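Here chain A shows up in two complexes: once beside chain B, once beside chain C.
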Partner chain A sequence: MAFPGAGLRSGWTLAALLPIAFLGVFFAWPVAAIVGLGFAEGGVWRALTEPGTWGLVGFTLGQAAGATALALLAGLPVAFLLARCRVRGAGVVRAAVMVPFVLPTVVVGLAFRALWPDGGVLPIVLANAFFNVAVVARTVGGLWARVDRRAEDAARALGASRTRAFTSVVLPALAPAIGSAASVVFLFCATSFGVVLVLGGARYRTLETEIYLRTVELFDLSGAAALSLLQFAAVVAVLLLGGAARRKRERALPLRVEPTRRPVGGEWAAVVAAWLVVGALLVPVVGLVVRSLATADGWSLAGYRALAGTGERGTLAVSGWQAALNSVRVATDATLVALVVGVLSAVVLVGLRRRGSWLGEVLDTALMLPLGVSAVTVGFGYLVTMDALPGDFRTSPLLVPLAQALVVTPLVVRIVLPVLRAVDERLRQAAASLGASPWRVWREVDLPLAARSLVAAAGFGFVVALGEFGATSFLARPDAPTLPVVIARLMGRPGELNSQLAYAACALLMVVTTVAVLLIERLRVPAGGEF
Partner chain B sequence: MSLGLNGISVRYGAVEAVSEVDLAVGGGEVVALLGPSGCGKSTLLRAVAGLLTPAAGSVTWDGEDLAGTPPHRRGFGLVFQDGQLFPHRDVAGNVAFGLRMRGVPQDERAERVARLLELVGLAGYQRRRVTELSGGEQQRVALARALAPRPRLLLLDEPLSALDRALREALADDLARLLREARATALVVTHDHDEAFTLADRVAVMRSGRVRQVGPPARVWRAPVDVETARFLGCGVVLDPEPARRLVGVAHRVGLRATALRVDPDGPFEAEVLTRAHRRDHVRSLVRVAGFEGEFEAVAPVSAPPEPGDRVRLAVDADGVAVIGGG
Partner chain C sequence: MLRRVLTAALAGIALTACSVTVDDPAPPGERVVTVLTHDSFAVSPEVLDAFRAKSGITVKTLASGDAGELTNKLVLTKGNPLGDVAFGVDSTFASRALKEDVFAEYASPEADRGAQRYRIDPPNRLHAVDVGDVCVNVDVAAFKDKGEPRSYADLADPKYKDLLVVEDPATSSPGLAFLLGTVAEFGESGWQDYWSRLKANGVKVVSGWEEAYTQDFSGSSGRGPRPAVVSYASSPSAEIGEDGNPRTRALLDTCYRQVEYAGVLNGAKNPDDARAVVDFLLSAEFQADVPGQMYVYPSREGVALPEAWAKAAPLPAQARALPADRVDANREQWVQQWRSLVQG
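Our next item is the complex of A and B:
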């Protein structure tokens, strides 16, 4: 279908150009540079033939598979409760599940270390699952709320037991969402960095932490690049699978949301399971707070008081509060960049979809890539490429916000896009027929209708940027670290006060994150973040 | 003050949804595009609005080609089947939208909004939320919103189809009155002939992307151009000239609506009743008429419905007879 107005079309092209340029310069280029580096010195072949590499790959995929299975198992009852049940405290469940997802990885790593001081495989798997229960609950719950109850009722009327109706009718209907959630969770777990670094140390390494260790400690750039390449290939494969599942789901999604009702009979078992999951999610959170207050000499606020200083024997270049302030500044910049790029991308995607352009699908998948490609790879790529940009970009204070924005942008797109897509095209046409220019239509129709989702996207984006560790740990200048970087540094140093300070900083981040999530939950954005 | 469609064709991929349509709408005239769903009438309307570009042909206003004019500069008001009111604005905010786009000052806006709400029978509704309105009220607001900026042409896409029957009939009368009072030039898309005949000065019957017949409602009703148009306009039975001469006294191909044959003890024809179905204000039967082939429809009063198997006498009612291609 063709649309009139050549001027309009050039406007669209311009709008599409900015996200593409941003992705090109700050994502594709650094990643391509890493790929090039991996091939250049024969590092790829060396890495592929090393037996240790395949052990790494095995452990990376194995722990990711375990965590994904666990997250699915824990997320399904929560999804059921959120989608189908009218019970007290559903709002609490919704928020309680969301908090872990946006908690900084370092914080979660430390929270599990408070419970398992020696680390190990189990806490790594548990911690990765802990993060991603929200992804399963939200993605599957979103579809579950729209699955017509009558199909289930029909199966029951035809003689199927409740269990049989679930396995033969409901589960197949949920399959696309489960597949899409599983692929995203698998991706997150396979590229998880902070958690594995904190809990695995040098003993349990994934591709992601190995890339970091080789770069930072062994200066084996070509080996690191080779591993990045390997990881990138795996990510693209998983993303393509997940993308196919997601598109299937978007096509099938009916608008009607089934009303919730009080659970009956065996459904209570699922409700109880959901509450148990929420309880389990709270354990590390509470454990962390307790640990931040407990010292060898009993309860104390020493860790919190130490935020004003630079740690035991001057471990840090700046005080805890300065790092916190720096974090807020960087996260604000990152959020602004991500909002501009993300919203523009969403607008372009809606426009492209409207015309049935294949370009929309390509851009949609491209925008998801940064979510899956390891932040460490990107950070590493910045180190390799950014000095080629004018103005000595490698030491620019904008570098960290830009890297964080790259991580936040896909999130903004996923939150805003479904809302914009739900705006009836005829509403825009009505506005146009009343004399509104395309820009005016966007301002008068799209913007007000998407306002809540924009605020939610900004809020989520801010907390994610606040906790971003993978790329930031590469790029933050020593004199301007963010709070997660400070926490990681403190954990690597001996001293009671250092670890006490780290736990206090974690608790601080957790409080900020939780408050932000609770505020966003109050906005009740329909999609509430879909992946 | 007139709209011209000259050889308009619209394609969706390989499918031609509208083919070579010529149509003119004069100033103050209301024309209905009437046809079954999927005949291309809504597509044609969207081409007029500028929401899609025709593959061939031109849309003109007073002879001037509108190809380069985007929808928001055409000055054509648009009303959809289901209102499409702006959910984040109240009733006044919706009605005033087009006035704001034209930079009409605030007090003048308020005055015009009040006038229009009065016109559509919703005086005092300014501050109401549009989400709290009934379907009929929403449609009235949508109409007021479209009329507020005094569009040169009003485009109505199935404006009453989403409403239930009683409301639809009442609102059709209101709409007809409103269009006359506002002296609006309008193009109405509908699949309902009652609606088309209530609203329109002229009716354009569409089928498979083409306009098959254009004319005043009474003409189209009495003299459909071909058999398919006759069937679309409610003629269940089509008779060839010879039996038509014997049954209704016209030596021409005719279409018979159900009301063409009426159960009447003094009627000239004898028939056997096959089935019976109750309608709102009459009883409808399938009958076999002695001396004629095939089955016919006939009506009977609700008070004396015939039973299947009964033998009855039938009279012809000229109002139910349409002469096909005899216009």
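Our next item is the complex of A and C:
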């Protein structure tokens, strides 16, 4: 190669182009198109200045902040247990904590409603936190496992109390992961839809539910556009804040994972807290299983037997098993797409960051945006744009995994990026000076070091895709529904068998999730990364 | 370690080889008509197969949300529709679709066998396929002692305090139908007063049918606390007890009629076949399949209802209805007024 630098740069540009093209075509373009339609109708300004609008913004951010705080509080002890402790059942905890993540929101909403029949703010906050404890546990746990234990031990040896050692040594070291988890959880909570609809009743509304109402029921596109802009502004603000918090404390991660050990003394308090959190998470889960077995005439496996069929009088187009298979297939496709896009993005981000380019921050924020924008906005955006792609892409079965990949990609980036960033630059330089091509350097240096986090990202992404409902329900074709779509359809029908089948399908979804998590456990990969 | 990762990656790739991502291409020469439907659409496979055998047309369906969402999608994609025929635009949203000129004119030879009773536009763009009434359902056992309520007025009677659960008309289509029923019953000037009385009588408002029916209603499998709920006239047919008697009953004096329409879309790729599919939707074969599959009543005259329905879910003789254009003009305002009245 005459100009080694030129080859590197063009390969690098190509790597950057793919994520940008993916985001541009499947996110920015449709969103801009549907918001543009709203602007064309006029009245956006009027909708922005309606007094009710700012109440919506306040409630949306308030409940999301509350749920985020709660998820952090509940997630930290679980993260400690997963990262630091060698106790029986840690694997079970790792799987159990992921289960809430995939449960359809309408089902969780109904489960919480059984405890709080009148809904309200408290159950909304609790339910949103319930979904997201996994994000905190895995993100923070991933970093915690790599934080050098010696600093903490030294502080203790110098006479610091356990609390003091935690607040002045451990907590600052975990800050990047906590900031990162908090922004992801906040985005999930701020855009949570089903839970707010079911538990908010007619009284509590968020930007997300109102955008849905205005787009889908009232066809008030200008009002929806105004609210989408507000949602967008709020999300960008949160991302910038979270990014700033992350950067301030960020440093290269040690790639070494600290060995776990049996908890000692006061550490048991944290372990007990973690078990209590997991127990609390399992309450609604057990409730669902009970409902799948209970009938008017006692216990029955009828719901499970019905998984082989299509519901009472053929409510479904496919059997429950077929829907489970669809779910697995679509989630596999989504995960693969997200891995390719996410890893390329992470590689590009590492490069940009190394040069200190502000472009890195822009791309990083842009990649996170799909978590914070309404699925309805994206879905309706597809309707008015995707017919321009070859073969009228609006009805393509490919659109489902691609839309899911939009949600999974930011999570992949958050998991893989910190590990790639921690790779010692001197290793790469050494390989390059020995004559390795850039691709070979990546393959021989970066890939082996990042392999564990790649598998962790794939696993987490797969679970997220399994449970994705917003975009999937909008795009999935009736002949190939996923489990969450099937469950929502069954819940909308009268008849005891349909209801039981819905709960049995939930149980099946939980089993699929647990199996996926346990399989990844078998690869002995600790959850890596800051998220 | 790396080997394991590679194995996992290979397994992943092997899985994708059988993934759903490719469309089965239609065999050459096959005539396919795509029908956009609401989410509740269902039909027996045998009925579709028989139609294909007779006409050579394969019907492909594409569910597109509830009636409102379907209508809005049709409006957004007019000119380049996602399919050739749409089914499921109901009387609440029909004016919007007609005003936006989503549907093409078509005089179906099957349209005068009963569907004409629900005709709403003279040029015949929309054809009534089924009728689904929204009525208050009651748990029969719970009212054994005090007697069932019969009318709207009874529901506001203190004798029946704290017994009714309804859906928010802003987020639920049966909720909207029930609100429209009260407007039809009490008039523009009286419905707000009626709702004030309902509120004073402890009506519970929830956002969706799922919560109301499966969780709050005592007559469903959820065994909730409230014995009266806004649901469909046909719902009792799904709640037959061990003894063969329905556990619930629709109050036939509280019904609001929702008619669901089908039509050929402007911009259909093959309008001739699309018309044949509309004829099929109105045909005796499809109409006989309607109650069992979609829990609604056929629009065609002389189509027998399933046996259980005669006892559990007869079609209400006298359901209220409002003209589609009046609903379209006032829907948002009524819902807003309802919100500030009931939630304020």
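In this text, the second predicted complex is superposed on the first by the 329 of 531 C-alpha atoms of A that agree within 3 Å, B and C clash if a C-alpha of one lies under 4 Å from a C-alpha of the other, contacts with A are read in each partner's own complex, and residues count from 1 in each chain.
Throughout what follows, a residue touches a chain if its C-beta (ideal position, glycine included) is under 8 Å from a C-beta of that chain, and two chains touch if they have at least 3 such contacts.
Please read all numbers here as calculations on a predicted model, not as lab measurements.
Within the superposed three-chain model, A:A15 lies out of touch with both chain B and chain C [touch as defined at top]. When chain B and chain C are set side by side, the one touching more residues of chain A is C.
When both complexes are overlaid on chain A, the residue A:L427 reaches chain B alone and has no touch with chain C.
When both complexes are overlaid on chain A, the residue A:L213 reaches chain C alone and has no touch with chain B.
In the superposed model, A:L336 makes contact with chain C only, not with chain B. Of the two partner chains placed by the overlay, only chain C lies in contact with A:P401; chain B stays clear of it.
Judged by the touch definition given at the top, the superposed model places A:P448 against both chain B and chain C.
Common to the chain B and chain C interfaces on chain A are residues 448.
Looking at the complex, you find that chain A touches chain C at residues 37, 106, 109-110, 113-114, 117, 119, 197-198, 200-203, 209, 213, 215-219, 295-297, 312-315, 326, 328-330, 332-333, 335-336, 380, 383-384, 387, 394-398, 401, 447-448, 451-452, 454-455, 458, 474, 477-480, 489, 491-496, 499-500, 523.
On the side of chain B, the complex with chain A involves touching residues 12, 49-53, 67-78, 80, 84, 86-88, 97-98, 101-102, 142, 145-146, 149, 151, 155. Residues 1-2, 4-5, 8, 12-13, 15-16, 18-23, 34, 37, 39-42, 44, 61-63, 65, 68-69, 71-73, 75-77, 80, 82, 96, 168, 170-171, 205-211, 213-216, 220-223, 225, 231-232, 235, 238-239, 242, 292-293, 295, 332, 339, 342-343 of chain C touch chain A in their complex.
Chain A meets chain B in the complex at residues 1-5, 8, 424, 426-427, 429-438, 440-441, 444-445, 448-449.
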